[in-house]
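Got some structures for you, see below.
Look for subunit A in each of the two complexes below; its partner is subunit B in the first and subunit C in the second.
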Partner chain A sequence: MLKQNQESCSLPPRMDRKEYRLLIEHRGAGGLGCEILKNLALSGFKDIHVIDMDTIDVSNLNRQFLFRASDVGNSKAEIAARFVEKRVKGVSITPHNCKIQDKDDVFYMQFSIVICGLDSIEARRWINSALVNLFDPEDEDSLKPLIDGGTEGFKGQARVVFPTLTSCLECQLDMHAPRTAVPLCTLATIPRQPEHCIEWAHIIAWENDKPFPALDNDDPEHITWLFQKALARAKEFNISGVTYSLTQGVVKNIIPAIASTNAIIAASCCNEAFKIATQSNPCLGFEENYMMYSGNDSIYTYTFKHEKKDDCPVCGNLARELAVDPNITLEEFIASLAERAEAQLKKPSITAEKTLYMQAPPQLEKLSRPNLVKKMGELVGNGDEIGVTDPSLGAVDFKYKMKFSRDFASTA
Partner chain B sequence: MTEIVTDQTPPVLHGPSDKEKKYDRQLRLWAASGQKALEDAHILLLNSGSGTVGVETLKNLVLPGIGKFTIADDSIVTEADLGVNFFLDEDCLGMSRSESCVRLLQELNSDVEGQHYQFGRDRPLEGLFSDATFTLILYTLPIDSNNLTLIQKYANEKKVPLLSIHSAGFYSYFQTHLPGSFPIVDTHPDSTATTDLRLLTPWPELSEFAQSVTKDIENQSAHDHGHIPYLAILLHHLARWQSEHGALPSTYKEKTAFRNFVSASTRTDNAEGGEENFEEAVAAVLKTISSPHLSGAVKEVFDYKPDEVESVSSFWIIAEAIKTFYSKHNALPLPGSVPDMKAQSTIYVQLQNIYKSKARQDVLEVLETVRVHPGGKDIPVTEVEIFCKNAAFIKLIHGKTSPASIVEIADKEFESDDIAALAMMPLSLLPIYLSLNATSHVPSASSSEIVATISKIIPSASSNPRIVKAAEEVARAKGGELHNISSLTGGMVAQEVIKIVTQQYIPIDNTCVFDGITSRTQVLRV
Partner chain C sequence: MLNIWTMKRKQQQDDNAAAASGTKKKKVTAAQLRVQKDLSELSLPGTMETTFKDPDDLLNFELKIEPDEGMYKGGRFHFTFEISSEFPHQAPKVLCKEKIYHPNIDLQGKVCLNILREDWKPVLNLQAVIVGLQFLFLEPNASDPLNKEAAEDLRQNREGFKRNVRQAMGGGSIKAEHFDKVLITRV
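Here is the complex of A and B:
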């Protein structure tokens, strides 16, 4: 199996871990970063960089063990780097207190492996497309294995991507379907669940009352305001279950996170990095590339091969067919892209033979805005190909072939 | 988990406490009750071998706020420890390993109390048990067999759960030894699995409700028709189906026909070209139109014969009462929750109340049986309520070793290996367990020594290439730990400790093997 891997994969020749330069990208609530840093330092890697734009919050302390109560408010990257350098002799850790999107190709080119402990799908999609586009078949150093970990409660996953050669994070996007949004009319007129009351307070009441200039999810005063509004609404409709904790959970979209799951997933990622660097054993990647873990009911792992997709908007080039009702407006069509599991685009720009709608720059946005109210059938023909991009995700470029789901009832 | 049966007291209008803020992300999993169990617990780690996997486990328990932990160890910190154990630094060289690890672990959480017990010639391990009581004991392998006998004796006498952990090279395994059967009520099933609507056996209040909201359904306004809860749509159509066919749909074919029958009632002469509530009804047919059946796990609880000590515990008293309920009604108590569905607010709340009050009625019936039991007078109502709500998902973990011999287990595992490739199944990890287990009391061994030890229990071991390969890997590790493997294993063990201490979720039964080469686990009962 090892042999087969070596043949099909253009890994850099066996390297000592000292010569390996690793990049850890850490962002948000999960807190895999602390574990990953510790594991890499104790696996013999000597040159590690870490990017994290966040500062330490008190709710991090239940699992992010490089931080103490006295560190609250400081940069995560800096405190973590200093701590591990002090504890483990001979390791160099360079912190970058910024967003991953602030760095360019030249920056990413200097690393041998990139490991992600990111909490947002957007950030994952961005770094994935950046590393896919970095790959130049003429230059084998440009192949940067991407290792990604994520957790939720007692569950998690670790996966390895060899950009352009194996299934990338974008190919796997539909494995993490977006939460379906509650229709606005439910929130406005027929709430039934405590969550509906909270979303009403969050989306509608806040806009009406504007109690503070801007909503800050981390400000307890703001959350308390939303909680009380939601509670009053729940009372009006006889709905039970609105609590402060639930309010905070819905508004901040909180995912439960615990130290033990972080340890499992982070160590799995680092074990793969270790196997790639030492070539001591076959790593995840070319055969199996995805390890799913669940500790809810006994312990269950499923390690499998996720296939690369030819119509992947990042690493493939085929257009995929999309059934569309020609009688909906472009604006409705754009909104529907946010809910599609394989797309999950919140602010896409659309082009057909000509520009249909551009989110930026402002002049183009203004010029293309009148198209939003037009029917799809007016703008494109059955069988036409359209391009959908979202600059906030990097080079994610969807190609869709329009397939009309019913006749276009021209309003002209 | 939100309480459905009793009415909720209105929440207090103040923000979270400092502790709630710090532990917010975990309280969303095991709630205040689980947290309290953790805070009341005292975990002992008897550390031996190269010493990292147990400390990594403790890290994952100190962070979420376990009450107390103690490390017992007879080792002194050496250079080799520093390369693999994060909770030791240069300043610890030559010092007691237990004391050093406790000090650096303790830094992680000021709410947690850490103690150390450095044992040796002058201070025997026995002394540890003279005045301390432990909730759960972890020990790492390889271990001195006298020490092992000592803690096994203690665990046996005091009925304390015992977990063994062995991590070497790319391999690890851990094993739980629970004092007797271990039943769990709060198993946290997936929310998608818990819907139990009883549409084939509606009770009078539910039927009346369905009839009232579907009255004159043909002539209802577009708004009313588009807001009938799907549950009522299904009940209405089931009644019509039954009067036309003389029976309820039961086979797959009948259910798909029934689905088309419901779908055909959708009004399409509107702007949307359909109705959301009818779409919901159609989508729910196959999932909800089926008679509830007892899961294997619940049958096992019903069939279990608790011993004298067990049978006076509240779990077995309530389980017995629920069994009585089941044999009388051919159904478990109603859980009482209703999934969200398109409906007017008032109608939905009315529907919720119908389910809640039926659930409450079922609880009362179970409670009556419980109260008749001599030991059932003092069992809190809330405990009966929670049990009734989770009745379909209760689970019994044996905690004892498998009744099958290791030879029988090996035969079965290797038999399925023969067809693994055809069945697209992963290979058994039993060879890893056997190889590690063969070095339980020696710091390291050669591969031929390992195979020879295994051959004593499985005579054909040396002719099994997978056993030989695993033995070679264990021999290569020379008793050394890889930090990643120990950290990963420590994460899994900590999850198990949390499940056992909080009595929530479902622990393993009883051995989990990890293979860091193929990135897989396997749970076996040995």
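Here is the complex of A and C:
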């Protein structure tokens, strides 16, 4: 996060004088992170943290301009932090050379804004759900705006999420074009494209031959094996275009990164951070929250409002607190659920970290039945979540956070 | 006055944060909740049964199918279901444990069922997948093959294919390929 330097940028006074601390999360070879870090530092933010678990690879140097050939092999977060601190006076940048998943709620709580330049949907979903769960309606400071940038070739997007208030990344999951899955049967019988031959080598030939114990995408020997298998298959079906680098690309799912697209998207993300921090202009988020950019056919951009989904598994279904006496049995607890007005469950199934009671299928019902006579305090901990489903609820499920109404008398 | 309140709040927050970091509260994941829902709503005919090795792990289980009609009648087939934390955005991984002679199931047990790959959608549930598997035994599909020889056999000579299916189910070999015995032996 950044701390604003008001003298040098003559910003309008902010309503809130709290220092802005910004967190940049970066992952992947694309290089949004370098752009975002440079832009934030030059916009006057003073307190920035960067998370990146990667080390610098020689192939990053063409567009990740904070790194030099002598930095190859070092931590991206550390080198970038040192470079920008040296170049921009008065900015403090704290590097974290780890995975975003290694940090806990206390860590995320210290920031005012989180900006992501991540390369995977998995990582985005993780940070999104972490920030949604961090939100506590009693505490204004727990609301962390999330700015997400992403690029793929000439295309990109910038979006802003105010956790629990506006549509979250999980609500927007359908905006990601699914990876085109080729039917297994096409791979197995009639490949038409060089990619089909490579996928065949990757999925089918590898499994059959098992040339090495486990496939390592970074081992040239393994990729060469796949390449040769794919090449032979391509020859058989008269398909041209299977190359070593295409094999590597398909197997590792490499998406080309274009430096200028990164610059456009990073700039847009940083402008939103600036507007959120200074309140100088309306930001992306409450009305329109999603800006897409495509340079594939000339230039096209479109900004729109992606609606929040009520049934979103992350932000639409937050665990409600439920007072429960830990000394009652699971069976009594289930009976009490049936009486609750909002639930009115007839045949609820319940799981926590473990399976508490499943009404079906029969084998699970039998295995979980002994739990019915156990005390709630034996089965769950104070503060744990439980998931409740019931066929009578249709698409709705409940999550409750257990709050023990009195102490659990374990020996009773 | 205001200042005190702000400080108080800050302090509470620190306390809460400390408490939260001390014991990590266990959360229910979206995949878990959805699998729980799908399983509790399964309605299986007598020809199918699920088995959970570990009742606390709903994401991995086995399905037994014993078709009571069609060419595969009398056989007993086991499929493993492996559900990732990305479910329902990612289809479950399903494998047939036995080596069987079937145009849509290859010799490693991989299954060619459209809803397990290109046609999977998060609105589909485990019931749909299980019904799909059952259907593969009633109506093997030669136009969408994973085991090419079996498909060719089915297309060219349905009766011959039927005989080969019986032979393979009995633990015999077809074109030098040995198959697992899946016929139920009544005691």
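We adopt the following convention: the second predicted complex is superposed on the first by the 291 of 412 C-alpha atoms of A that agree within 3 Å, B and C clash if a C-alpha of one lies under 4 Å from a C-alpha of the other, contacts with A are read in each partner's own complex, and residues count from 1 in each chain.
In the analysis below, a contact is a pair of C-beta atoms (placed from the backbone, for glycine too) under 8 Å apart; a residue touches a chain by one contact, two chains touch by 3 or more.
In this text, all values refer to a predicted model and were calculated from it rather than measured experimentally.
Student: As a test of reading the superposition: which chain, subunit B or subunit C, is in touch with more residues of subunit A?
Tutor: B
Student: Touching A:D310, do we find subunit B (first), subunit C (second), both, or neither?
Tutor: In the superposition, A:D310 contacts neither subunit B nor subunit C.
Student: Have a look at where A:S43 lands relative to subunit B and subunit C in the superposition and call it first, second, both or neither.
Tutor: first
Student: What is the contact status of A:Q363 with respect to subunit B (first) and subunit C (second): first, second, both, or neither?
Tutor: So A:Q363 only meets subunit C here.
Student: Of the two partner chains, subunit B (first) and subunit C (second), which one does A:N208 touch, if any: first, second, both, or neither?
Tutor: Only subunit C is touched by A:N208; subunit B is not.
Student: Thinking of the overlay built on chain A, is A:E321 touched by subunit B (first), by subunit C (second), by both, or by neither?
Tutor: So A:E321 meets neither subunit B nor subunit C here.
Student: Let me test your reading of the model: by the given contact rule, A:F237 touches which partner, first (subunit B), second (subunit C), both or neither?
Tutor: In the superposition, A:F237 touches subunit B alone.
Student: Give one of first, second, both or neither to describe whether A:E353 is in contact with subunit B, with subunit C, with both, or with none.
Tutor: Second partner only, subunit C.
Student: Subunit A residues touched by both subunit B and subunit C?
Tutor: none
Student: Subunit A touches which residues of subunit B in the complex?
Tutor: 2, 7-8, 10-11, 13-16, 18, 20-29, 56, 59-60, 63-65, 82-84, 86, 89-90, 107-110, 170, 187-188, 190, 227, 340-346, 348-349, 426, 482-485, 487-488, 490-492, 494-496, 498-499, 505-509, 512, 516-521, 523
Student: Residues of subunit A touching subunit C in their complex?
Tutor: Listed in rising order, the residues are 104-106, 109, 122, 133, 139, 141, 170, 173, 180-185, 188-189, 204, 207-208, 313-314, 319, 347, 349, 351-355, 358-364, 367-368, 380-381, 383-387, 389-391, 397, 399, 401.
Student: Can you list the subunit C residues touching subunit A in their complex?
Tutor: Of all residues in subunit C, those touching subunit A are 9, 13, 17-18, 20-21, 23-28, 30, 32-34, 36-37, 39-44, 49-52, 55-56, 58, 86, 89, 104, 106, 108, 110, 112, 114, 117-118, 120, 144-146, 148.
Student: Give the list of subunit A residues in touch with subunit B in this complex.
Tutor: Interface residues on the subunit A side: 29, 35, 38-39, 42-43, 58-59, 61-63, 65, 68-69, 86-89, 153-154, 158, 186, 190-193, 220, 223-224, 227-228, 231, 237-245, 248-249, 254-268, 270-272, 274-275, 281-282, 284, 288, 291, 293, 295-301, 303.
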